[in-house]
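Please go over the structures that come below.
Shared between the two complexes below is chain A, which pairs with chain B and chain C, respectively.
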Partner chain A sequence: MDLSSPTLEDLALAGDSVHVPDDVFSVLVKKLFDGINDGNERNISFLSENDRYKNVDKAAVKQAYGGLVTMVTEAAKNDMEIESLSSLLEDCKFSGDRIAALSKAFLQHKPQIQILLNSIGNPPPHIVDIDWRLDYYIKNNHMDKVNEPVYLVSLKTEEAGKPGLQEVQLSCSLEQLQDLVGKLKDATKCLEKDGTVIIYTFQLFNTIFDEYEVPRIAVSLHGQNGAYIDIKTHIFNT
Partner chain B sequence: MLLMLEEQHKKHLSFLTSVEIDVVREFCRISIEFIRKGANPKVYQGASQKLGVSVETVQNGVEGLMYLLTESSKLMVNEIDFQDSIMTLGFSEGLRQELLELYVQSRHEVRCILSEMAMDLPHYHNLEWRFDVEVASRSLRHQTTPKILLKLHTEDSGKKEVKVLQTDPVNLVHLTNVLDGALQEMKSAYCRRIVRNIK
Partner chain C sequence: MEEVDQIIIHSLNTIGCDIEDDVVSLKQFSTELIVAAAVSCVKSISNENDLPSTLPGGMSARFRMGTTLANAIQELGYRGEIGYQTFLYSNESDIRKVFMFLVDKLPKETVEAMDEPLGASVLLQKAISASVARHLTSPWLPPFLKDHGVAWRGKPPVWQREGACSLHGFYACHLTRPHGSADLTKKISKELKQYYCQCLPFVTNQTAHHHDTLPSVLELNGMEIAKQHEWENEWNQYGLASRLSEEEYKSKKRQRVKKRIIDQLKRDVERADAKTGLGPAENFQQLIDSITSRTSTGVKGKGSRFTHTEKLLFAKDEEKAVSQLVGETATHSEEELQKEREEELNSLREELNNVSSQFSNLDLDVKKFTAGIQELEERLTLQKKENEENEKSYSIKKRTLDLLPDAENNISKLQAVVDASAQRLANLANQWEKHRAPLIQQIQELKELNSKRESEAQVKLGEIKTFREKMKSVADEARNKEEIQKQLLAEYERMAKDVNRSAYTKKIMEIVANIKKQKNDIDKVLVDTRTIQKEINLLSGKLDRTFTVTDELIFKDAKKDESVKKAYRFLAALHENCELLIRTVEDTGIILREIRELEDQIENESNKKVLSNLEKITADYREMRKENAALIAKLKQKS
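Up next, the complex of A and B:
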């Protein structure tokens, strides 16, 4: 993981007990993770709310805060080991106590931060639920005795940048729904059989590739033909 | 169920009793043609000159036949009821048989045409799927996030639309189970009873 020199300077400030006293540091670490998880907590107003901190150099704490946020998100992004994190912090003149406190908090919050990082992007609407209604279509203004079942299906989706759930609505005749369910079952089966194997192989590949710094690969298993597996190499890390 | 023919409709059709059966056949052919492709007024002119009657009479005759066919197809009148319904028109036995044959032959097609006119909702057309594993993104390296990309083709009054959606394995299984449950519902005793009673 490479951090820019201004970030390293900010980090060094966070490790410096002259600019950031120990009691401020411990609050800062807590605020740091709160701020990553919740946009409303992204400030260092605790310094002005308590008279205890009135002699603290606010500009320095702000700088240190910025450096710590960058470091923590970068470390989560690269899934950094605690050892390399410690050595990085040591280089920035952090004391043993501060390294231990930060590492502990980092480990504790890492999964949550990675979930947040994973949600960044602009993927297609993500289906999270489904509603259906069964109607028996009897007649319309042009025709009597239509007499066939109609399913009204509503897919609930989560979309990037839109609050709450969105809906995709469609109707299906009995045959169409049978077709739809058949295809979904195919997809589910493929996940059960090949999917777990592939994901497992992947994790294995990625560990090997990490060692040799080989470009990562992407696999896609195409529908319709079920077993057809397509392996492409993509350079994700350039 | 019998067809209730209006007086005016009967009057329009009564013209057919006064012409040769071959002419009626021709009228029937034209009616079906018009139901399929829409009316063509030029045909009325030609026929009226040939038969020596007014254009209006020819038009009323053809439109009367078209209405008779669409109404009886709309209501899915059965063969006996169809025959009984046209009894009041004073047609000869041969003409009635001719009309019945025409009705039975074209019933299915006319219903297809009528069903195209009925209001349509966006309905399912096709689904394509693909299983991907996301291994890295700009904001998060070292991940193995399984994703199912779905391409949903829908159709609304002949207009095709494609939506790309995605989901994760847990939701895919949930989705499949819920929709499978929906399918099973149609086989339930309750639904079967409803279907049996609405006939």
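Up next, the complex of A and C:
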């Protein structure tokens, strides 16, 4: 993990009991994770509200807070273990109690921070669900007798920044649907073999959907799993 | 043999046979278990056989399966005797031999995996495939059961993102953190301190949206690190070579950059001017003209006048509006009044125009006058200078005039003064030469010293550079080693679960110790037997020699004396009898050894469960006969 020298300076400030007294530190750690994780709790004003902290150097506390936020974010990004974290804190001259308190809180909140970090990004739409319907196409004005089954598949996708579900619709005949399912199965097989082919597989998924004139989408594995199981069972039933 | 059995059972368990915990040796293996274990071993070795893993019910089918299994194992390279009977009517030692061979042949994936080097990319790939596998195995969840697309599964719960609903792009804004509160010796300005204490929000509260906080924090850190690296590189490359202190170097660089920016801007402005043919000021004027073109007054000239007139115009408009309002509300019919007003308005307008033109004229006049003042002031200063010069020349001339009356005297005086000053000059020149020589020498010395120092500094700079490089490389190495250590630790933790290895080594060590002990014992026994053999040889030699000597002696005497003849006969008989006795003892020894061997054989045979196997065979034989009879009966029925 790389931390810049100003950040390390700020961290050392957080470990210094002259600038950040012990009682302030414990509140600071609590507020730290609240501020990172919870959008409603980020307005931190415990210093000015409470008379107890009158003599505390607020600028120093703010600086220490900034250092702690950076450290915690980077540590969660690198999925750091407690051992390396505490060695880092020891380098910044934290006392044993403070290291223990901070490590404990960090361990508790790490998944939450990682989820937050994971939510940064602009991915293509994601299939999460599927609806399908089987229509029976009887005739049209040119032909008196067609009698073909038509599957209407509606893929539910989630898009970044849009609430709710979007829909991608396609229709296909029985053979086309079997073809689609077969291709999806092949793609899943590729994934099962090796993690490195993952990009190739997503391309494969996209070419599959291109054939059915569906806009480009990334397939969520489980979603796709569920989806194709759904279709498969129906094919075997018919 | 227990250790061997345990190892075999453990390896069988790892390839997927369920052997119950209370089975600890091969003796306890049932026929079904033996067949199943052998089949799974063969399958995991070659992967081509399609043997059923359970014994079929029919006797003949069982024999067939036993034969194919034995063939498969022989194909794998087993040299010992093997057939269907090995599996169906098992005896412990044969089965052990077969299993030892099979376990030895098992593919050793784990060992190979350990040997391959674990780079970061390999670890990353492993992590990716693990995560993909987890995703693949997890069941599908409808989106409404997930909290913002995040599902928690497993124990302890592990989150995984399924869906993209709560994602947002990377958007970072600038964050401000207070600086320098750690160092009490450095003074921060009071205003800055107050701002830090009272106004500056905490870092997490500085972004417009909560979800922008983490990107901003990451970017800030990354930026600072990049800055640091860049500065270090530059300092190492150019900074050290320039031999300036850091601050000096920075200020110099700042000036350079500033100058470049200014030059660039100047050039751009010139280019733009050349293109449009108009200066920016003129452009602005055009714009203003276009705005004001609707007013008939036709404003030309300065901005101040323009704003002036504009103000007046607006005031007029307002007046108009007000008058209209008044007109509407009060009296509609008073056209005269309106006319009057209009006239008044026109006259006022004219007046205004007049006044404004007058004003502009006056303005111009003022400008002219100020220009004149400046000119006059310049002239004044010029005159003053001239005056001073004139005064100077006047004073000199006055002095010379003063000296004129007593001209000769004064000339001689002046000559003396001139001579004295010339002499003084020569003196001074001499003195200067005296001083100069050592000074020049000093300068040269100092120059030499300086150049030496410079070269030293150069050398030291080079050293510093190499040290820095070394530092970096060492730090890199340390980091690499730490990473490797971490990997190895992780691996070690993973391996520690497999206690088997240490147990194996322990057992092997024990076995080796045992063997050593036994070897010692054997050596002792060998030495014993050798000494005994020696003794025997010695004794028999002695016996032979004494016998021949006594034989000769007695034979000589026997010719003379009858009683000695008898003694000789007795001696011969004694010798013969003794020899017989010895031979008998040896025979008994041989027989005893044979007996022991036979006993061993008997034990071996009894180990082979011959009796039970025989019973089994007879039972199977009966069953087969029954099957055959049933088949014959069926055949007869059909025919």
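Criterion: the second predicted complex is superposed on the first by the 164 of 238 C-alpha atoms of A that agree within 3 Å, B and C clash if a C-alpha of one lies under 4 Å from a C-alpha of the other, contacts with A are read in each partner's own complex, and residues count from 1 in each chain.
Please note the rule applied: contacts are C-beta pairs under 8 Å (C-beta built on N, C-alpha and C of every residue); 3 or more make two chains touch, one makes a residue touch a chain.
Computed from a predicted model, the values in this text were never measured in an experiment.
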Partner chain in contact with A:Val168 - chain B first, chain C second, else both or neither: first
Touched partner set for A:Thr188, first chain B, second chain C, both or neither: both
Contacts of A:Lys104 with chain B and chain C, given as first, second, both or neither: neither
Touching partner for A:Asn122 - first (chain B), second (chain C), both, neither: second
Which of chain B and chain C A:Lys58 touches, first, second, both or neither: second
Touching partner for A:Lys77 - first (chain B), second (chain C), both, neither: both
Chain B versus chain C as contact partner of A:Leu13, first or second or both or neither: second
First, second, both or neither for A:Gln178, with chain B first and chain C second: first
A:Lys145 touches, of chain B and chain C: first, second, both or neither? first
Footprint overlap on chain A, comparing chain B with chain C: 77, 114, 117-118, 120-121, 123, 125-126, 128-129, 157, 188, 191, 194-195, 198, 220-223
Chain B partner contacts - residues on chain A that touch it in the complex: 76-79, 114, 117-118, 120-121, 123-130, 132, 134, 136, 138, 140-147, 149, 151-153, 155, 157, 168-174, 176-181, 183-188, 190-191, 194-195, 198-199, 202-203, 206, 210, 216-224, 236-237
In the complex with chain A, residue positions of chain C that touch it: 125-126, 128-133, 135-136, 138-143, 148-150, 159, 161-170, 175, 177-179, 181-182, 188, 193, 196-198, 200-205, 209-211, 213-215, 217-218, 220-221, 224-225, 227-228, 486
Residues on chain B engaged by chain A in the complex (per definition of touch): 74-76, 111, 114-115, 117-119, 121-125, 127-133, 135-150, 152, 154, 163-169, 171-176, 178-180, 182-183, 185-186, 191, 194-195, 198-199
Complex contacts: residues of chain A adjacent to chain C: 2-7, 9-10, 12-13, 16, 19, 35-36, 38-39, 42-44, 48, 57-60, 62-63, 65-67, 69-70, 73-74, 77, 84, 111, 113-123, 125-126, 128-129, 156-165, 188, 191-192, 194-196, 198, 220-223, 225-227, 229
